[in-house]
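The structure that follows is given in the form of structure tokens.
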Amino acid sequence: MNVASGIVFQVLQSVLVLLIAPLMLGWVNQCRAWLQNKSGAGVWQPYHVLHKLFHKDAVLAHNASPLFRATPYILFGCMWLAVGIVPVLATSLPFAPAADVVALVGLFALARVFVSLAGMDVGTSFGTLGARREMMIGFLAEPAMLMTLFTASLISQSTSLVTIVDTLAHREFVIYPSMAFAAVAFLMVLLAENARIPIDNPSTHLELTMIHEAMILEYSARHLALIEWAASLKLTAYITIGFAIFMPWGIARAGDWVGLPIALAALMLKLAAAGAGLALLETLSAKMRIFRAPEFLGTAFLLATLGMLTHFLLEI
Amino acid sequence: MEFSALQPIEAAVTLSVIWIGLGTIGLAGMRAPRFITGVVFPAGALVSLALAVTGLWAIGAPTSSAILPAGLPDLPFHVRLDALSGFFLLLLGGVSFGVSLFAAGYFRDTEPATLGLLTLQYHVFLASMAFVLIADDAYLFMVTWESMALSSYFLVTTEHHSETNRRAGFIYLLIAHIGALGILLCFGVLHGGHGDYTFAALRAADLKGYWATVAFLLAFFGFGAKAGMLPLHVWLPEAHPAAPSPVSALMSGVMLKTAIYGMVRVIFDLIGNIRWEWGLTVLLFGAATSLFGVLFALMQHDLKRLLAYHSVENIGIILIGIGLAMVFIGSGLPVAGALALIAGLYHTLNHAVFKGLLFLGAGAILKSTGLRNLNEMGGLIRYMPHTALYFLVGALAISALPPLNGFVSEWLTFQASLQAPQLASSVVRSLVPIVAAVLALSGALTGMCFVKVYGIAFLGQHRHEVAVKPREASGWERAGMLWLAIACLALGLLPVFMIGEINKVSLALTGTGLSSEALASGWLWLAPTSGVQASYSPVVFLLVIAAVFGLTFLLVRHFYHGRLRRADPWDCGFPAQTSRMQDSADAFGQPIRQIFAPAFLIQREIPRADDPQPVFTQSVKDRHWRAIYLPIAYFTEFLSGHVGKLQQGRISVYLLYSFVTLIALLVFAQ
Amino acid sequence: MADSFLIDALRSGVDGSIDANVGPRPSDLTLRLGRTGDLPAAAAVLIGSHAMALATVVATDETATPDGDLKVRYVFEPIVPGTTDRFVTLLISVDAACPEAPSLTAAVPAANWHEREMQDLFGIVSVGHPDPRALVVHDGWPRGVFPLRKTFDGSRHVAVEPADEFPHLVAEGEGVFEIPVGPIHAGIIEPGHFRFTSVGETVLHLDARLFYTHRGLEKRMEGLAPLDAFYVAERICGVCSVAHGMGYCEALEQIAGVDAPPRARIIRSIALELERLYNHVGDIGNICAGAAFHYGTATGAYLKERLQQMNERLAGNRFLRGLVIPGGARLDLPDDLLRVLVATLQDTLAGLDSLMGRIEANPSVVDRLDDTGVLKHQAALDLAVAGVAARASGVDRDARRDHPHGAFALPEPPDLHVVTVPKGDAMARVTVRAREARESIRLVGEFVRRLEPGPLRVALAEPLPGGRIGISAIESARGEAVHWLRTDALGRVERYHLRSPSYHNWPAVALAAETAIVPDFPLVNKSFELCYSCTDR
Amino acid sequence: MLRILINALRTGVVTTRYPAEPSVPPERFRGAPMLRPGSGLPPPAVCPTGALSEHFDAGRRHVALDLARCVFCGRCAEDPWAGAVAMGRDFELAARCRDDLRIEVVADDLTVPAAELAAGPTPDPNAEAARAASEIHRVLGRSLHLRHLDAGSCNACDWELAALLNPVYDVRRLGIDFVASPRHADGVVVTGPVTRNLETAVRRTVEAVPDPRVVIAVGACAASGGIVGEGYASAGGVDRVLPVDVYIPGCPPRPEAILFGILVALGRLDARRQPREGGRVGAAPAVSLC
């Protein structure tokens, strides 16, 4: 692979995803507003919010430790690395070999552990409560995620996303039953991991029901901005992972400059569709009881494992 | 020139003897505690370092063996140092270096009499472990095995005035000897009644029919008992916390690994021609062990007990690796087998390092606050920042988070399990991924558990009103933890080197190593099979995150500002916030209690709604006690009615039994 | 007759003397107990053998009068549907020098807060109270200062003093921790402090501390001309403006001895039903918010908004303030507005039906509501729970029927269907709200049809007769509110007391919450949807 | 499920375009009272909240109405004063300064145009405040996150704040939102007179909000104590406890009035204080910062 073009692709993708992540969030919120008969804040609102937050003076609890201050940056770093690894536009990414899907899951776990620790740092009841729930969701979502990715990796005999995309994207279209299972499981994990309904309610105003929000109640100004941005990056990362595995069409091959615009267009279309779908899901269903969440994610886990078994029993 | 003549084995023996010497010096010099803590332990640490170097050297060097001028008449001790022993010596030396440094600071306030004995037992313990690793005949192996058990027993019961500690010690020794008997019988079977008891002979002996399987089962459960494998784990959470923290670190970090060593030595080396059914057995027991271990760890609020249960879990993960190796080798896939074996051994090393570190951290906390109960800790990061940092490294490592070492070995295990499609039998093929799922689950649960530990012990507000502010650990102690923390980082960031070494072990042991392309990929990229299939680069990982960290920090400062105001934590406008308003350890475990309720034996009393003084009590117990051990206990009681003469319940007697059996077998063999 | 029977029963029940006389209303009865010690026994007779419940407790400071004592009136009302509209008052006199009264709480749980409030505001110690912590006055309130005593000057501001922590009732045990929530909540909610003790998610105990919004309105009204005081009564609570304003008016009209003309009565009832309607519809939407069901939230809010916009057209105020006035109705409802009204209610009905359909058809929502925050039937009776909460636990009470007011006091009252559901969980409360909203729409339609031309208001005598008592009970959106008003010699307000439905329902919330898990509490709370402001006053 | 989607799409977007398009309240709506100079003006005793006051200056009766106190009950516009006072339909009454909410007319002299008799202390344009306001406009102009703070209101104002989030008003479209934690907020909207039991909480909450921040007093109680006034349990207005940036009169103010006030606080709209029919007098926009 031509190194120069690789680096160009890498930089291009990292910057692009970094910039469109808030737009993604804005789009989801806009769709949700429309479905609630509201005119909505417009897709650019997240940028305004970030801009404002960076401008504000941070407020920090007296007993906040360095870990608390470092976490937003670590979080941001993890998520940016994640979107740098997932082949979004093209498969020629110098960073891609740094982490295969397993390492990717590990990366998300790292981020989750740090944000939970930060939630417990100040020692308020909501922070600890949020950390507990977050870890509860996390420890269930993580294996489910791994199983989904394994199923995908079994078909291409590789856990490296680039290889997966290359094998799946550029071969004649085949429907694998195992992938169907995996796709459903992945969707469930996506909802859980990104604190969306039915697991968590991103727009809740009730401390007692919060999961993700509760951990970041103490954050303000630039720290909050980074966390919000990281959250939108995470959402985008998950959605693009989903694309890479389940609908990799349009992603350009290594160093394929002509494919780039097509890839970009395809990406935008896919993201728009995904955002609208997410908003629709969130409008249709209510948040489930906290102890239904294990059932929900347990189902995801079983579906994924089932997918893997079907692969072994039917597809080999 | 003189040195070049020196064989690794000689170095190893010498160093172990020096250890014993140091121990006796310690006993002699118990009048001068400063001397013991200031000189003896550091010296022991240096010996450890030397031993580690020897081990590393031995992995590369050709196998060297010797016959000791000691032992019974015409039953000399054979010792041998091959790559496998070398690897474990490296582990022993590397971990005990940090632990001895820590001990130098930790034991400063122990009263002289205890200290003297403790020093002796401590170093004898180390030496006997070293000998276990280099023993080359069943006789020496058993003797050192027993002395290892005995010395560690005395260490466990150092605070012998506490009833629980004595009970812990008793259970420990009991199960240790059930295990020892298993091992003994295994040697007996391998010996098959002819030849002598050198491993060479045992290796040569070919077993017909089911005898091989019998030998395997005996070895598996014999060593499993020592390793704390389900369902023989119950002694572990009792014994390890009871010991002084450095000793806990050694027991969890190193002693369990001698059991792994024995298992690998006997199954891969002595028995040979492995069957995949055996592998499956190991695999399933490993999976069960890891899951149960972590579930029970989540229920604990005693920090050291919690860590002990995590040892159970990690032994499970190691067994998964070894089991996978056996499955692959047994079904004629040596390369995949090598990968799995390397994963298992690498995790053995990693667990030794980070578990040692965590136990030392727990020791530091215990020393400065006198607390083991998480529900009373909190906010320690503000009093002991260094310890907090080292403990964080250990916690991230054990939670299998990149870019630290725990993740590497789990990653390798996953990669190994993804070789499953090559397997012939579709049943095994689909069982392996399920085990991988269990591994993933227990990995995630570990993460949760250590968020609980770290968040509750080090973060938040201090729950326990201590008279004096908790003090930061002393220099020696910090040095010990720092060493192990660095080891965690090094093993995590540059796994390729160590994997290269372990690859040699696998080559020496099974005759196959990793594929050539896997080794070709360079120090930066870890690609166990091939770059196309899977790759991972911790360094890039760390660098990118660090770079983004720094960059964002600077950019935010540059384009905006760094203004900051300190204020009270947000309290819903309700000023009277107390430290009682944060999750307790039990609260943090509650979701798990709820979800995995069947796994536990829970008794709880929930107050009525209209209760004026509501009180809540609950206890979570290990089912195995009721299921397995109590029946046995009743049975033994019933027996003891008849053979009361034998059943004195005194340790010496049990030792006597096992030695008698040993001697008897040997004599019978002559 | 019934009265003599009741009085005999009481006389046989207690040791001391009882002198009985009729009042405050002709159908009512006031029994003055010779010995304060007889109170529990007397209460036991009323509650036990005569199936009555505590309606309200009113203390008055009469040290200035010849009696020179403090008086406490324990007002009871029958709870058996179909019995006559009446209040039975047990009156005891408390010595101002050592103000002590026996505690009823053990026998009558509903008396709990009343007695604690008395203790804070009048300094009347209720002897033997199980939980004598301060209720109304918070941190650093000066000792021995009782705001509702006549000698206390209510107009001066009492500074906040630093205080040691309030003794919250919490559970103990290994690993038990506390979750403090409030007084400032994350949502747009009124202030209250909730102290959960829990291990993880299950609620071991809940201790609620309210009266953060205590504004001293009862004191504020004392000494005002009754017509001025009306504007305060109307503003005790936003979403109960009509109910409270109307309750005050009815009490006042009793004192003045006038009756509001029929047209005014019907207009008042229309206003009351409209208030119920927008409350119930809005609450259903809010419960959806509690379950994070966005469609339901948005739809409920939209329906409520349309109703409030209509309120603004009818009354010039989105909360229907200024429609009711002592002596009748202030604004008439001309036909064009009535047409608007009927039309709006028609599509509200359609919208409500569709919303309820979506909720009941959505398993994820139903699953949240079923078995959440169950309030047992017996508990509802013991605590004298009122309104929706009571009817959702199968208690058949409705002041519109039990104490007819507004249009229901007309010669031939419209028939009223009282909705009850036995289950007592959040879903039951939603169902009750939905059905009552439909019932309200039906009633408004009927009222509009019955609306005859006629006078809107009658003049009240100036000044009003002194020393008289008026009592009224109004079925507000949240249940029965009891107003108690007395004028002084100059015809000014001497004492006004409002016992809002929320006042009796709050303890029930705490009880119901302990059957739920922590993250479900907001849902439980919303399903009761109580006012803090009419509780705290 | 599908039905929900269909319903949602059939209903369509129902959000108003206020403030882009003006909103006309229904004719019964009781907005700012309009005092016609003349002898017919009611005596202060008429007003239940004491918003009306009178003083004699050089033998002339000055009648003043404090919109911050007014609860818009309309009692002063009933007979027999219906001629002298009329309830206007103007609801955009938010002001940065308490004094801007004072309407004063001379009761018994019609020769002098009322506008010039703006006796109330003419607010001096405060440079500091102006800069603060401009910074607020710069930083918070396009995204304002508010924290609601109930300081003892009767919950009418709270409901109106909640209504701002409903599909009809949907303040999010203007970049305004309500958030869970004061740490995330750029300002607080306070309702209620600040009861004694909440004073500490109010102080702590505002303290917890990062700078720059705005404090908006919504409703008569918050602006002045309103019907509650000052008493043993009430401080009688937010500005008794902490500085207020914008006062929004009303009992309760309608959602659009609150919206207007918030936009004034942001400097996205100017407080409309130019003289109106009936002698509503006040400072011009330029000097409305104080």
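We call the chains A, B, C and D, going by the order they appear; numbering starts again at 1 in every chain.
As a convention for this text, a contact is a pair of C-beta atoms (placed from the backbone, for glycine too) under 8 Å apart; a residue touches a chain by one contact, two chains touch by 3 or more.
The structure displayed is predicted, hence computed values, not measured ones.
Colleague: C-D or B-C: which has the larger count of contacting C-beta pairs?
Modeller: C-D
Colleague: So the centre of each chain is just the mean of its C-alpha atoms; given that, what is the distance between subunit C and subunit D in Å?
Modeller: 30
Colleague: Taking each chain's centre as the mean position of its Cα atoms, how many Å separate subunit B from subunit C?
Modeller: For subunit B versus subunit C, the centre distance works out to 65 Å.
Colleague: Averaging over Cα atoms per chain, report the distance between subunit B and subunit D in Å.
Modeller: Taking the mean C-alpha position of each chain, the two centres sit 69 Å apart.
Colleague: Measure off the straight-line distance from the CA centroid of subunit A to the CA centroid of subunit B, and report it in whole Å.
Modeller: About 35 Å separates the centre of subunit A from that of subunit B.
Colleague: Could you list which residues of subunit A touch at least two other chains?
Modeller: Touching at least two other chains: 35-38, 55, 57-59, 125, 129, 132, 204-207, 217-218, 283-284, 291.
Colleague: For subunit C, give me the residues that contact two or more of the other chains.
Modeller: Residues 177-181, 183-188, 191, 200-201, 295, 298, 302, 362 of subunit C touch two or more partner chains.
Colleague: By the touch rule stated above, which residues of subunit B touch at least two different other chains?
Modeller: Within subunit B, residues 565, 567-568, 570-574, 577, 581-583, 587-588, 590-591, 594 contact more than one other chain.
Colleague: Can you tell me, using the touch rule above, whether these chains form a line, ring, star, complete graph or other shape?
Modeller: Complete.
Colleague: Which residues of subunit D touch subunit C in their complex?
Modeller: Residues of subunit D touching subunit C: 1, 3-4, 7-8, 11, 14, 25-26, 28-30, 48-49, 71-75, 87, 148-150, 152-163, 165-169, 178, 180-181, 192-193, 195-201, 205, 226-236, 251-252, 254.
Colleague: Please give the residue numbers of subunit D that touch subunit A in the complex, ascending.
Modeller: 1, 4-5, 8, 11-15, 139-140, 142-143, 145, 167, 170, 172-173, 175, 177-181, 183-184, 186, 208-212
Colleague: Enumerate the contact residues on subunit B facing subunit A in the complex.
Modeller: For subunit B paired with subunit A, touching residues are 378-379, 381-382, 392, 396, 399-402, 407, 411, 414-415, 418, 420-421, 426, 429-430, 433-434, 436-437, 440-441, 443-445, 447-448, 450-452, 454-456, 459-461, 525, 527, 531-537, 540-541, 544-549, 552-553, 556, 559-561, 563-572, 577, 579, 581-583, 587-588, 590-592, 594-595.
Colleague: With touch defined as at the start, can you tell me which subunit C residues reach subunit B in the complex?
Modeller: 130-131, 165-166, 169-185, 191, 193, 197-202, 204-205, 511, 514-515
Colleague: Can you name the residues of subunit A that touch subunit B in the complex?
Modeller: It comes out as residues 54-55, 57-63, 65, 67, 70, 73-74, 76-78, 80-81, 84, 95, 97-100, 102-103, 106-107, 109-110, 112-113, 116-117, 119-125, 127-129, 131-133, 135-136, 138-140, 142-143, 146-147, 150, 153-154, 157-160, 163, 207, 217-218, 222, 226, 291, 294, 301, 305, 308-309, 312-313, 316.
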